[in-house]
Each structure stands twice: as C-alpha cells, then as structure tokens.
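Two complexes follow with chain A in common, the first pairing it with chain B and the second with chain C.
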Partner chain A sequence: MTFEVMRPKYVGARVQRKEDPRLLSGSGRYAADVQPTRALHVAILRSDYAHALIRSINLDLARAMPGVIDVIDGEALASELKPLYATSRMPGYKPTALWPLARDRVRYVGEPVVAVVATDRYLAEDARAAIQIEYAALPAVTDANLSLTAQSDFLHPEHGSNLLVSRNFSRGNIEQAISEAFRVVSGQYRFTRTTPVAIEPRAYTAEWDRRLARLTLHSATQAPGIIRDALAEVLELNGPSIRVLAADVGGGFGGKVSLYPEEVIVCFLAQKLTRSVKYVSDRQEDLISTTQAFDQTVKAEMALDSSGRILGIRASILGDAGAYSIYPWTAALEPMQIAGFLPGPYQVPSYEADVQVVATNKTPSGPYRGVGRPGACFILERLIDKAAKEFGIDPLEFRRKNLVQPDQFPYKTGSGIVWDKSGFIECLDLAAEVIDYTTLKDNRDAAKAAGRWFGIGIASYAELTGLGSRMSAAPGMPINTGTESASVEIDATGSVIATFGTASIGQGLETTLAQIVADEIGVRPEDVTIVHGDSAAITHSTGSYASRSTVLAGGAAHKAGKEVREKLLKAAGFLMDCELLELEIEDGVVRQPATNKVLSFKDIGRAVYSEMGRFPLALRQELDLRATSFYDPEFGTTTSATHIATVDIDPETFEVRVLRYVAAEDCGRVINPQIVEGQVQGGVAQGIGVALMEEVIHDPQGQIFTASLVDYLVPSAAEVPSIEAVHLEAFAAGTIGGYRGMGEGGTIGAPAAVANAIADALSHLNIDITELPATPERLFRLVTTANQEKA
Partner chain B sequence: MKPPPFEYFRASNPEEAVAALGAHGGNAKLIAGGQSLMPMLNFRLLEPELLIDISKIASLKRIEKGSSGRWVIGAGVRHRDILVSEVLGNSYPILRAAMTHVAHVAIRNRGTIGGSLAHGDPAAEWPMLALLLDAEIEVLGRSGQRMIEAKDFFLGALHTSLSEDEIILAIHLPPAPVAWGFFETARRAGDFALAGAGVLLETQNGKISEARIALLGLGETPIRVYDAEAKLEGENLNSTNRAAAMEAAKAACQPMTDLHASAEFRVHLAGIMTGRSLDAAWGQAIC
Partner chain C sequence: MLNRRTITLNVNGEAHELEVEPRHLLADALREGLGLTGTHIGCEHGVCGACTILLDGESIRSCLLLAVQAEGHEITTVEGLGDSNHLNFLQQKFREHHALQCGFCTPGMLMTATELLNQRTSLTERDIRDALSGNLCRCTGYDHIIAAISEAIAETSGAGP
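Moving on to the complex of A and B:
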C-alpha cells in the first residue's frame, strides 16, 4: 500500500527558513565558536617559496617561547601517520602523496610546513616568527603549458613528468564534421583561477574527550562523512573514536569539501597532547590555502552546416591542478567536467575532447560551485554567439534551433552524459519573455546608435544534478557519492526527528528537508527537528556538494517518511479501532473524519513506547515509529536554464555595469521558491564576480598576489543587480519527489551571459571575449588594440 | 594574522602623546582610528614597542572657524563627521562628495583625517584634498608647533615630512573656490581609486579666474596640475583647453602598475577623470 502525498501542503510553499533565527541573531555555532576548556591554539608556518627543497628546520627558539606547548614539522608527523592518496580508477592517472606538513620539499606558497601549538593564538604566532627554515629554491612552474613541456624539476619527481591526467573523449566523426563543415568557428579561451571565498574562513576545533579518549572534530566542512572516513584512515582510528561535527558552516562553495592538512593536524595534536586543539585560518591563509578553481586553457572549434546547425565540437583542455591531486576529488575533477559538459544542452552529433591536467607550483585546485560547468558554459556559449554572428542569425533563435528538442529526450551527449527530459527550449522562451527580448533588442540598437556601449548576453546550459551511484561526481574517484540516507522517527514525546548526513552551509536545507518530512508525515515543518552535520548520527554519508543534497537526502526523506507514516497509521488505527484508509493526518494530529475522533502524535508516541499494553502482543514486537532509508538516483537528473543579462560599459573607464539579469530555470519540483531564488541570486552574484573581477594572480615565481580581499575582489551588493529568478517545472523529473538539484546553476550561467553581453556591447569593434574576468584593464587593452587595427 | 606584542598607552592630550613618541625614539606609533595601522600590525609589517592611543583626545576633535576665514579641522575628526557637517559642506562642498568615496561606512566611522594624512597613501582622498585646498597641516613635536603646507607634506608613498616625534593636530583650510568637480574610478564601490581627479573653479564675468586641479592614485603622492590650472585662467572651459588640461594631467602623473591597473591605463584614466571633473565644476560655476 502506498500513501502518496496527493496535495502537498508545505512542499512548494514559501516556508520561512528554519535556520535563519539562529543564523541572523548571531546564535549560529561555527567551528571557531566552539570553546573547549583549556583548548590549545595552532598557528601554521606556511611556505613562502613556491618550489624549494627544505634543507633544515630549526624549531629550538620557537619551542622556548612563552606559552608554547609543542612545535611539529613534517618529519615528526611522518613517523606517526600515513600519507593519503586521492586514488582513481582512471587509466594513467598519477596520484600525489598528501602529507599534512611538507616533507623535504614545498610545492606552493601557503603549503603548511610547521605547526606551533600554544596556549593562545597570539603566542603561537609570536613563536612561529622565531622558526628558522633554510630552503634551497627550485625553479617554479606556474604556467600549465610550461609545466607540460618541462623536462626537469618536476613537482613530483617520482612521476617523471608534471602530467597527472591525460584523457580523450570521442563520439561520432569529428574530422569529417570539420572537413565537411560550411563554417568552423573557433577560439582559445582562458578561464583564470578563482577561489571560493566563504565568509567563514576554514576552521577546525578538535575537542578531546578525556573520559572516553575520543575526538570530536568541529569542522567547517561541507562533508562531515568524508572527513570522518578519511581521518579514521589516516589516524588509524575506528569510527566511534572520531566524530566530525559541522553544526553551522559559513558558506562552502566547494572550498570546504576536501580533506585539509589542518584537519589532520589538529586531530593528531589533540590525540598526542590529550588536549583540545583549535585552528582558525585567517583571511590570508584562507585565500592562499583553500582549494582554488578553474585555471584552464581551452582551444575549441565548432563545425556548422550551411543552415547553422552544429555538426560537431572539438576541444583540447589544459587544466592547471596546482601542486597536489586533492582528496578525494583528484586533479581530474574540473578539467574532466569541462570535457563532460562542453557539448552543453545542444545537439552535437560529433564530439572530441582531449584533456590534460598538469601540476604547477600553485595552491591545489578543487571543487568550486558548478565544477567545470561554468568554464564549459563560457566557452560553448561564446562559440554559439560567434557562430550566430557569422550566420547573421539572432542568438536566441540560433540557440532554439540547436538545443536538444523536446522530442529528443533522453539525449546522449558526445561525452556520454544522458539528459533526461528537461525544459531546455522552455527555459529559453521563458527568459526571453520575462525580459521582453524583442523590445530589449530595439532598445539595445537605439542605445548603441546613441553611442552607448550596451549589450545583451544569453547563456543556456544543462547540468546533471543529484548524481547516483552510476555517475561519479569525479571520474574514477575513490569514494562512492551516489547515496544519501534519511532516518525519520517519532520519539516517545511525539516529536518528529529526521537525521541526515548533509551539512548546513547556509543553503536552507534544514527547511527544505523539513518541508518534505512534514508533508510525508503530516506535521508542520517547524515541528520537524532536522539533525545533520554530524558524522556520529549516520552510518555513511558524503555531504553537501554537487547539487545533490535535496535530490538524494530529500528522496531518502520521502522513503523514510512514508514508512513512518505507515507505522503511525497502523498504531493509530489500532488505538482508534478503525480502518487505516479512514484516517487523516494533519499538523501532528490523526483524525477519523467520520467520527471526529482525534489522537495527537504525543498520544501515539506515549502509547507506542510507554503504554505497550494497549497493543496486542504480536503488534508490540514490530511496532516502533522509525525508519531509515537510503536513496540512490542511479544516474542523476538534468537541470537546465537560460540566463539573459544586459550590461553597460563606460567607453572611457571600461567599467562594466550589469543592469538586468533574468534566470529562467527548470529545477524540477520547487520545494521552497524563496530558497530557490536565494540560491539562484547567490550563484549569479558569484558568477558575476567570475565574469568581472575575481582572479587569483601569481607572479612567474609562484608568489601569490591576491592574498587579501583588497586584491582578490569579490562582488559586493553595489556591483550586483537585482536578479530575477523564474522557475518552470516543465517535465517531471524521474527522481523521488521530482526534484532536480539547483545549488550551483547561477554560477554556471552567469560568467557566460555576462561575457556574451560584453561582447555584444563591443560588437562594433568586433571584440571577442576569450578571457575572464573582463576587468577594466583587459577591456582597455582589447579596445585599444581594436582601435589600432581599425586605424 | 595577529599583531606582534606591544605596550599600550592612552594619551589624554597631544603633549603626552609627543612625550611618549619622543621617549621611544621611533619605536612608538600613534593610533587613531586604526583603520590603516591595524592591518599593518596584523600583517606584522610594523612592530612598534608602544601604541599611543590618541582617539580620546578632545582637542583633536574640533571643527571650528579660525582667523581670516579659515576652517580648522582637528586631526581626530572622522571621515563620517565631515560627511554630515553642514558648515563644512557649505564652505567646501567637494569634501562631502569626496568622503563618499572613502572606503565603506564602517571604516568612515572610525578612520580620521589625521590618520589619513599621516598615512600618506597617494590613492587616499584626504592627501589629495589637502593639496587641492592649499591646506596647511598643524603639527606638534618636542621642538614645538609648526605649520606644513600640503605641497611640502607628502614626500612619497606612505612617506610624509612628519618627524618621528610629531603629531598632527589639525588641518587648516583657507577659503577656496566653491564650484567643484570630483570623479574617481575604482574596481568596486568603496575600493581605493584606480585614478581620481578633483577640480575647483572660480569664475568672474563668465571666465575662469582661478582653477585648481589635483590627482589621486596616480603617483607616489597626490599631484597638483599647476600647468593646466594657469592655462585655464581667463578663459571659458572649451573643448580645446579641456583637452589640453587632460593632456597636462596625463603628463603630470607617474602612476605605477599594480594588480588592478597598468600605468598606461591609469594615465588614460587621469585624463578622463580630469575632463569629467572640469565639466562638473564648470557646470556649477556658470549656473
């Protein structure tokens, strides 16, 4: 028997965010807020060389400084720990040994070398200043092309080259497509390095429980489950000896989903010293040592027939992984996803992509909101606009013609991804309608005629979300990310508690999951207590990333919630002496409409757990009000969108202002429109940053220049327009609940839409935007060159 | 990112501050709003033995009319105080406009004029305003009180003619032309400018009788474009002398390349900012 929720009461409603009262009143609890008794504080001495051999380390002076408890270097750790490797089943892939503190050699500016433990952070930093290290500098490689062709001074000499990943995807006959093409458009695109910049810098507090001789790591992580499993491995502990808690996390964006050296260091030290140990990174450390993103150069060409239909795409992708292949995602993550998503939402019969990933002397790169898709979308959408221009076809029409059509789903792309039915064309139409595209074009033409540099940019994309066990989040990676669990129970007081492996990174998951459970069981969302961000509360989980939490944990919540509802009805039916079908549940009360008899959850909880005598013996054996379910969506589901942006460029100062921004997306069934809009707005703001200002800059020696927020620029409210997010639920997704993931999309579409708008504003100069961010300096150079060429 | 150890002393008057500075011979630092000093301490770019807190000295907070039409603004006056001061707004309307470009509200609430002048950042607004307004800077040291003209005060980036034992007491502003133009361009709202220009114009019978042009963010110090000023006098603003002033501004500046803009781009911007500020000031002067 199924108890389908016919008319959802809360799913779909603008329910106020459950987490906001605590977060907005400063009552959230972040890892740095945890104050264990007599905690010790760690300062990390980081390498200021990009590439060097460590000749000697002298810790004597530091050890003698006031308040210092311990000072450890890589050698001290190496005798006690195993290194971790991010392994992969991918042929030819080269893992790198991950030591929490550098041994023998440093490979990027910011790499941890020594950890100082003192009674407070000030004293720890004073002692850090007294550490003496002698380095022998090695040539640094900061350019991916040079890294690829280097013959010596490899970062990881055991591999005999800097190449960590080399792969080829191919489908159809791209040679033929190109040779028979009516037109080929091409370009070389550069997606510069960025960094996630969560408001909360990374922080870790390892709390030592003397009584049980156990560790609790309070971690600013998106993935408590991954961290628990990895720490158990590195520290050779069993599960219960290490609990990872992420009560509140101040933003992740992918930067908090890998295992970090400092997590291992504080846990190791807490065990060794049998004291609680705390490390809170400052902004500078966060900017130089949190995993960075992008940094790819892509050569791409698109073959088209005489009617402007895409025949094929060929690309070669060179990814700069930074110094290490990080755990668990590996160095393959971003560049491989670019190759995976480059065909986009279009019909592309032939496709070929070459991927090479090299190590360089920069901060390791890792996941970043959208993983590979922002870059893929930027490159593809630039090519699309270029092609539309060549054919003299309106860019919106050009897209409509080439998008996968509604009758073509499921559609298998050139990289092997299968799009299930999603509103590709419907999103395009909706975005055009909301922004009134026809009028907008007239306005643009009038503005340009009046000398304004005004442009319109469109970006369409599709992404695979809620990946199941048959579609790894990172190709060949060592862990399975295809499932999440939900445990739902009604306790002896009649309260509903739902436990998940996900984490609260500001995305509103406590509210959306509570809405799902509320509908399944028949209570109000505010009466559902959500427990997550606690590795001890679950058997296995990997956490919140890759637009998966709602699809996977939400699906599991439906399953477990249904089961608990069944149990509840069974108990109530017996207590009320009636058929189950006669019963209704609403807002925590079970009612028999015919008789108007009611039982509250409290009554039922008490009866089930404390007054068992009211049930026959046989029923007592099986009666509880709890269920745990795992959900694996197998492949995942397609979220699609079209973004349209307008920009104005000051022709003298080259400042770009984004004027309007419309994002129309099909993210399946919307659980909470307010939360969806918030995610889209935040994502678009981040993408505008990528388009206009965010760039990690190194000099050729590998020194990082963008080590403060004065130099690494993120958009503020003044630079972000009000973003209009519109949803459509075009086709039911095949996932339980019909949800599609939507936490990353804003960041995927925005760089492309803004880049296209800039190119449109500069169309009179025939300027191609091939590199982001489009800073005033870059635009000044492009325009100056274009003017010189004209003259 | 924690400061190195230091001693702390709160001065109750300028004399105490000077005595403490003198006693530590270069190893003491005054702290006012802390908006420039604290980051430098946290990055351990400075390691003073002693911090002398001057933020509670009442005499540094005055805004008053002095002799011969001058206004005297105490060194401890905060950017925000200027923004909301009606009297200063009437006499020097450019001040208000410029203050909206100084960082963000939270920083303007703490940062002081004295701190800004003493810090001597060539991209900051106050050094340029001091130069544009022909201000004099009143300082006190062990050898007594002296007045330093703004044009002699700024010697280089973060380098002024203050000696180690001197404290800025106030900035003195003589009467100045009221018609103003102020433009700057920054990467984001509130960031230090890539380039900026301030213009003051006085007109008589529809002709420019006095012109002042100053630049910020375009060299080691703020820059006055005296050449262009002289050439504008006795004329209307027209496209020829406007273009000449822009060229003069470009020629006068010697910007550096940094992460946010190249020297070449900044020179270009020097001209643009000058032109826009001239237009705005001229528009006010003739209306």
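Moving on to the complex of A and C:
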C-alpha cells in the first residue's frame, strides 16, 4: 500500500486552525478552567530548605483553620500509596524514589511537603501559613562538580554517592585522531539552567464522579497517556477508574511531560474525600517546581587535519540532574542526548563522549524543547567557528566542507545515530541565499571598520524526529514511545471522527491531523472532528513531545483514513451499483462521474448503520466504517537546518540586539505552512531567550533567585526580531506521508547561532563565548578581561 | 477574614452580583465567581499580561486589582469580544495570521490590542512591539501577532500597513 494521497487538497495548504475560534473567544478549557461543583482547593507547603531533615511537622493549627477539610503530609501518603521510580535498563543508572510529598528529608527549595485542602484557595493558603515544620539543615550541594566529589551528605544516601548516571560512548580511535591532528580546538562550555515557562502554570483538577466512583484528572499535561498509566500504578487503580484529560494546554515545551507530585496529590485526595479537588500553581511555584532544563558543563575538543577536515571529537559531559530522577524520563535524558547529538550533522570519523550525571539540591531537571540538542549544537558550533577561524576559512565554507555530503546518506554518526537523507548542505545554501551572505559579510566588515560590534552567526544541526520503537526517546526508558494510533470512523450521521492519543499543546494538531484525514477520506478539514488529549479515548498512547506527534499520529491517520475510505467506497459501490474504480469522493460526497449519481456520507452512514437490509447478508457481517491503525516509524527521520543570525552589541550597555534571523529547515513535507512557520518562530524566540537572558540562578545554599518573571526573563515582543523561516521540501522522508518532526528545531539552532554572532561581533578581542546566556554582565566581564589582556 | 460582602460588577455590559472577600483579586472573581474563564492567570504578579482586561476602556491587569476596586466600572473581558461563531474583526485577524498557538496568552493579547485599535492612530511595527512588551507569549515568537495587529490597525486607521 502506498501512502501518496492522490491529489492532496488540504495537506500543504494554509488551512485556518480548527482550535482558533474557541481559543480566541475565551472558550478554551484549560485545566484551571474546570470548575466541578463543590470542588475543594489545594495549597502546597513547599520546602524552603534546599537540603534538610524533617524533624517534625505539626498540622494541628492548620487543621483548625476555617474552611479546612484535610491536611496531609508525606507520612500520611506513604501508608496509602507506593513511590514511583523512573527505571531504566541503562547499566549503572540509579533511580530515586519519587514520593508526592517529602518524607524524612527535603532535597530542593520548592519540594512539596504538606498539602492543605480547603473550600477555597484563599482559605487553603491561610491554613498553609499555620503549618509548623522543624527542619535540621544539611549541607546543600548546588555545584555539580562538588556533588561528584562529595564524600558525605549524599542526597540519596542509599546510593552511597551523588552519581546517578555514568556512561561512555566511543567510535573510531579518538586518541589517535587527537595525537595525529594538525590542529585541536577545544573549550569548556557551560549551558546554564533554564526553565520552560509555559504561560499557563501547571494546573490539575481531579473531578470525582460520585455515580461511577471514579476520577477524571483534567491536567495541564503533554502526555495524558503516560500520566494515566503512572497514576493507575501509584494509586493501584485499573484503567477505567482514572481518565486523564488535557483538553486545552497552555504550552508545554517539555515542562508538562513528566508526572508531577501534585497530579498524584489531587487524585489521591479526590479519592479519599470523594470530592473534586483542584490545584493551580502560581508562577512562583511554577518557577521553582516545574522541571528545569539543561545545566551541563562540557569539556570538548575537536581534532582536525591540515585541510580543515574534522578527524574526531572528544567530550566529557557533566550533567546536573537536580534532586530527583524524574518519571518517566530519568536523569539521563538531557546529558545523554548531548552525547548523542554532539557529532551533529558533520562527518566525524572518531568520537568519544563520557557522561556523568549527578544529583544536586536543585529542582529536578527534565526535558525542555530540543532536549540536549540545544546544548550539543551550541558546543559543536562554537568549536566549528573556532576551527574555521584557526584555518582562516569562512565559517559557511568550513561547514559546507565538513557537513555530511548528499552522497553519504544514510550516515551513521559517532554516537550511533543514523541520519537518513536530509538537506544538510541544501539548508546551508538556502539560509545563505535568503540572508544574502556575501553582501552581509561586506556590511559586517564595514560596520566593524566603523567601530560597531556587529556580528554574523551560523548554526547547522540535525535532529532525529518521529522516533519509532527502535530508538527510544530516552535511553533505556521502560515506556514505549515509538508508536501512536489513529482511529477514524464515519458514524451513523455521516460525520467523520478521528481519535488520537497525542495532546494538543498549541502546535495545531487538531488542524494538521484533520487536514490529513480530510485528504485521505475526501472531506473538508472542518468536517473532521478530532478527539485527542483523552486517555479514555484510546487504548494506549504516550503524548506529544520529541517532535513526534505529526510523524507518528499523522502516519497512523493516513493508514486508518485510507482504510475507512476503502470501506466507504465498498458500501457506496454496492449502493450505487457500480465498480469502485468509477467512484470519486470529494467534500463528503461520493460521485460516479459517468452517471453523475451521488451519495452523501450521510446517506451512506444511514445505510450502513440503520438500513442494513440494503446490503446482502455477507457484506453486512463486515461492513462498518471505521478503522484503527498504529504507526511505528521504527527509527525516525532526520530534520536538518541552518540558522543565520546577525547581532549588534551596544558597547555602552552591552545589550545584544538580534537584528536578522533566518532559519532554513528541511522538515519534510509541510502539512500547513503557516503552522510550520509559527513553530519555527516560536522555537527561535525561545532559543534567543536561552542565548541572551534566561537563567535559573541559585545561591550556594540552593535558594532560587529567579522565582518571579521579573527575575527570570523571557523574551518579549520588544526583544525578538522578525524571524524568517524558509522550508526545503527537497527530500521525501521515509515516513508515511513524508513528514519530519519540526516542533523543536528553532530552539536547537538559536542559542548557537546567536552565540556565534556575538563571538563574531567581538572577534577583534578574540573572545570565546563559552557560557550562555550572554547577559550584559557576562559580556562586560569578557570584554574587560580581554581589554586588560591586550593592554 | 470571612468578612464577605456583596458587590456588583459590570462585565461585558451585564451587571453581576457576587459575594467576595475584600482580598479577592478581580481575576479570581471573574474566573471563579462569574465563570468567565477566558481571562487567564499566568503570573499573578503583573508581568505576563495574560489577565489583561479593559476597565472603562483602558487595559489593566486583573491580577493587580481587587474585585472590590472594580465596582462601578465597566469591565470588558475577552468574552465581550466576538463569540466562537462570530469572531470580531480583530479575532479574525488573529486567526488569519495564525497569531496564536496554545492560546493562553491570547485573551490578554486581544485586550491589549483592542485598546491599541481603539486609539485609532497608525503605529509602526516598533510601536506595536513596544506596546505588546507587557504581554508575554511563549509560543509564537510574536511575528504573527504583530502582523495581525498591524493589519487590523492599518485597516481601521486608514493608514498603510
């Protein structure tokens, strides 16, 4: 069976989004919008110590406060439920027990300790203030290096050290490559801690159904299926007793794809109290308790031969996991992805990476848009630029020479990842053409000659998207991330309904999936009802992350849609008494062009389900208008891109302004150009935030300085330039439909492109950008030091 | 503390009576008290702009105002623009330009933009970017939002885009 839609009418078109009317009119339903009758409200008391033993907890005063229904601590929960562990098949990996409320010990500022339930949120917070806890402070470890060498006061004493993951990858002979190299460029890079900051803070409403004695959790999650399965496990419930719904989610970016303590807490309480229970985090809680991102120090060196070809890369990666190894992704996710993607889209014959991940007294870290790849791209692209400079080769030419060449696909990288054919060089050329690189260089030289700190930065990368079952989204993880299903049906009213397990977190999935189903079946996208974000609607699913939804769910939609179309034609053919090949379907009508006979889907639905007598008995047995298909792309597919940015640095204030930004991307077949453009622009804006302003800052005692949006800055419209996104659809991906995932790319390329542009702007001072964000303060120090060295 | 009082809020042309405590935020009163959940809360400290509403035609942050302070004023929330079957001119521009992804910042963006539109002056892209700098969007990268508002302003103020 082939999956080329004969005449795609909607795939590729700028179809207006189906989700927009409700979201534009304030009629969306985010988790905090759900208001079950007599719902109770939870306030969480969080640790204000980074590391301490809990000596005593006194809840008596709180219990006596007005409106308070219940107050629970870790011990109360421990007798009723099991802890969860994020397990992994990875050798030597150490999981950590995940309790929803701390027991005995707290390990980060913001860790939930007590939950108060009251009749409204204000009263719950009043009672929270009356809780008395006595802590015995322990030394906090907030530096990954110190955590690694610590001899005592381990976060998880049962492990006898703070080391959670230790792995080594190697391929080829890196020792030899380095000793025989003509040049070696190296650096120590620091990718500081950031946090996702979806504008919707995390929120969970557990709705108790008195009649059926079961729970519906309305969750701000990207992964309703993962959450349902985990909650069923922790609360020891069977599947139908708990349904996880994510109707509208206000952005995720990886921050809403793990199981959170509060999800367990509201469900536990709703069950215990047989009432609906709601928790909505405020921004401060979100900034200190949502999984944070990055936080790695990487030493890397690149060996080159005399012509400027890369011989090998060696890296040692130290990752700071924060306090726990989160479910289901584990502490290994981010640092291992850095190791996996560090060879990038280049020909790198020898490679070695050493990965260590330690626990520290900080908020647990987890996936963030791009996972590992923004850091890998930053480090690699800095090395590439440094090498190009050493060899006196233009950075664009240097990349062209070292990128995997069109005739080298499929190309197996040093870390074992295989790139299928993707437009590596083509994206480089396209970005250069769109930005007019040659003229731009002249302009830069003129600007620099006139004393301006103006620079150009290039970043090329490749990523694997739409991972199938043979490439887990996180190494050794016990959940299956490699398949998604689609169920498509035409009901008795002739309406088309397509059901998916993925969740829509803003990426327009309702629209793009409807476009695919519409083309396969022959209706308009507005006539396809998409059901998603509901664990009860499907047998198994995991959710939306890792740029997988369009590839996997889209592929399944093609398969199921095609099958339903065949069934529909069979029924129509019988009803119209003609050969199937003579029939055409368009906009919900089946037509026999020769005779101009028509049947609407409504007519066919009625006949199939309500007037079965019109079909012969044999046909009746098998005739329904629905199909469920699974799709597993096995390995996944390669998305590649080149970004080019220009920056201007103010020599007085050290403020960096990004002036132009071009992203040329090969994301396979484009389903909806406007949506793709929006994904790239949004991703780049986040990457600019990483490059210039976003940083979670802890003091040595583990207190977070960046617990408000005044202190943790995210880019506003005033700081983000207009972002030009151009697409290359040169090569069909091997996936069904030819799609490649593209939800994360913008964030992967931007930190590197901006960092390279800054280094270029300061090239007269020979400044290396080794640490992001490049805040005015950091740049001021770099420039001051460079000037002193010069003098 | 349980000092509750009954107030009247005029929201989207309708008067609503509700019982609040003096400390209740206007945003909470709109959402929890009146069920108008289109006004979103993204930070509760006046930075993100998701809770922006119009108070007597001027944009304000409903997380920074107490419900009792809003008595006697005309409040407009996103529910006071077009409904999902009848999007108003600005909402349509947002849709055409794909100016929203997750939609969480969108009500606040629309209210800020409504105020800009009502001023009926032509604005440059830079002006619009600055005017929107108090409304954070984490999804779109802003380009499409700026395009939607620019076009709406251009078409209503009679000036070119």
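Points to keep in mind about this one:
Going forward, the second predicted complex is superposed on the first by the 787 of 791 C-alpha atoms of A that agree within 3 Å, B and C clash if a C-alpha of one lies under 4 Å from a C-alpha of the other, contacts with A are read in each partner's own complex, and residues count from 1 in each chain.
Just so we're on the same page, contacts are C-beta pairs under 8 Å (C-beta built on N, C-alpha and C of every residue); 3 or more make two chains touch, one makes a residue touch a chain.
All figures in this text were calculated on a predicted structure; none of them were measured in a lab.
When both complexes are overlaid on chain A, the residue A:Met693 reaches chain B alone and has no touch with chain C. Shared-chain residue A:Asp126: touches chain B and chain C both. After overlaying the two complexes on the shared chain, residue contacts for A:Phe253 are found with chain C alone; chain B is out of touch.
In the overlay built on the shared chain, the residue A:Glu777 is in contact with chain B alone; chain C does not reach it. Within the superposed three-chain arrangement, the count of touched residues of chain A is higher for C, of the candidates chain B and chain C.
Touch criterion met: A:Thr706 reaches chain B, while chain C stays clear of it. By the document's definition of touching, of the two partners only chain C reaches A:Ser722; chain B does not. Applying the stated contact rule after C-alpha superposition, one finds that A:Ala685 touches chain C and leaves chain B untouched.
By the touch criterion defined above, A:Thr653 reaches chain B but does not reach chain C. Residue overlap on chain A between the chain B contacts of one complex and the chain C contacts of the other covers 121-122, 126, 282-283, 710, 716, 718.
Those residues of chain A that touch chain B in the complex are listed here as 121-122, 125-126, 129, 282-285, 652-653, 655, 693, 697, 705-706, 710-711, 713, 715-716, 718-719, 775-777, 780-781. Listed in rising order, the residues of chain C touching chain A in the complex are 1-2, 21, 23-24, 28, 31-32, 35-45, 47-48, 50, 77-79, 81-85, 87, 91, 94-96, 98, 100-107, 110, 125, 128-130, 132-146.
Chain A meets chain C in the complex at residues 16-17, 19-30, 32-33, 35, 66, 120-122, 126, 197-201, 248-251, 253, 280, 282-283, 505-508, 674-675, 677-678, 680-686, 708-710, 714, 716-718, 720, 722-723, 746.
Here chain B touches chain A in the complex through residues 1-5, 43-44, 185, 187-192, 194, 259-262, 265, 268-269, 272, going by the rule given at the top.
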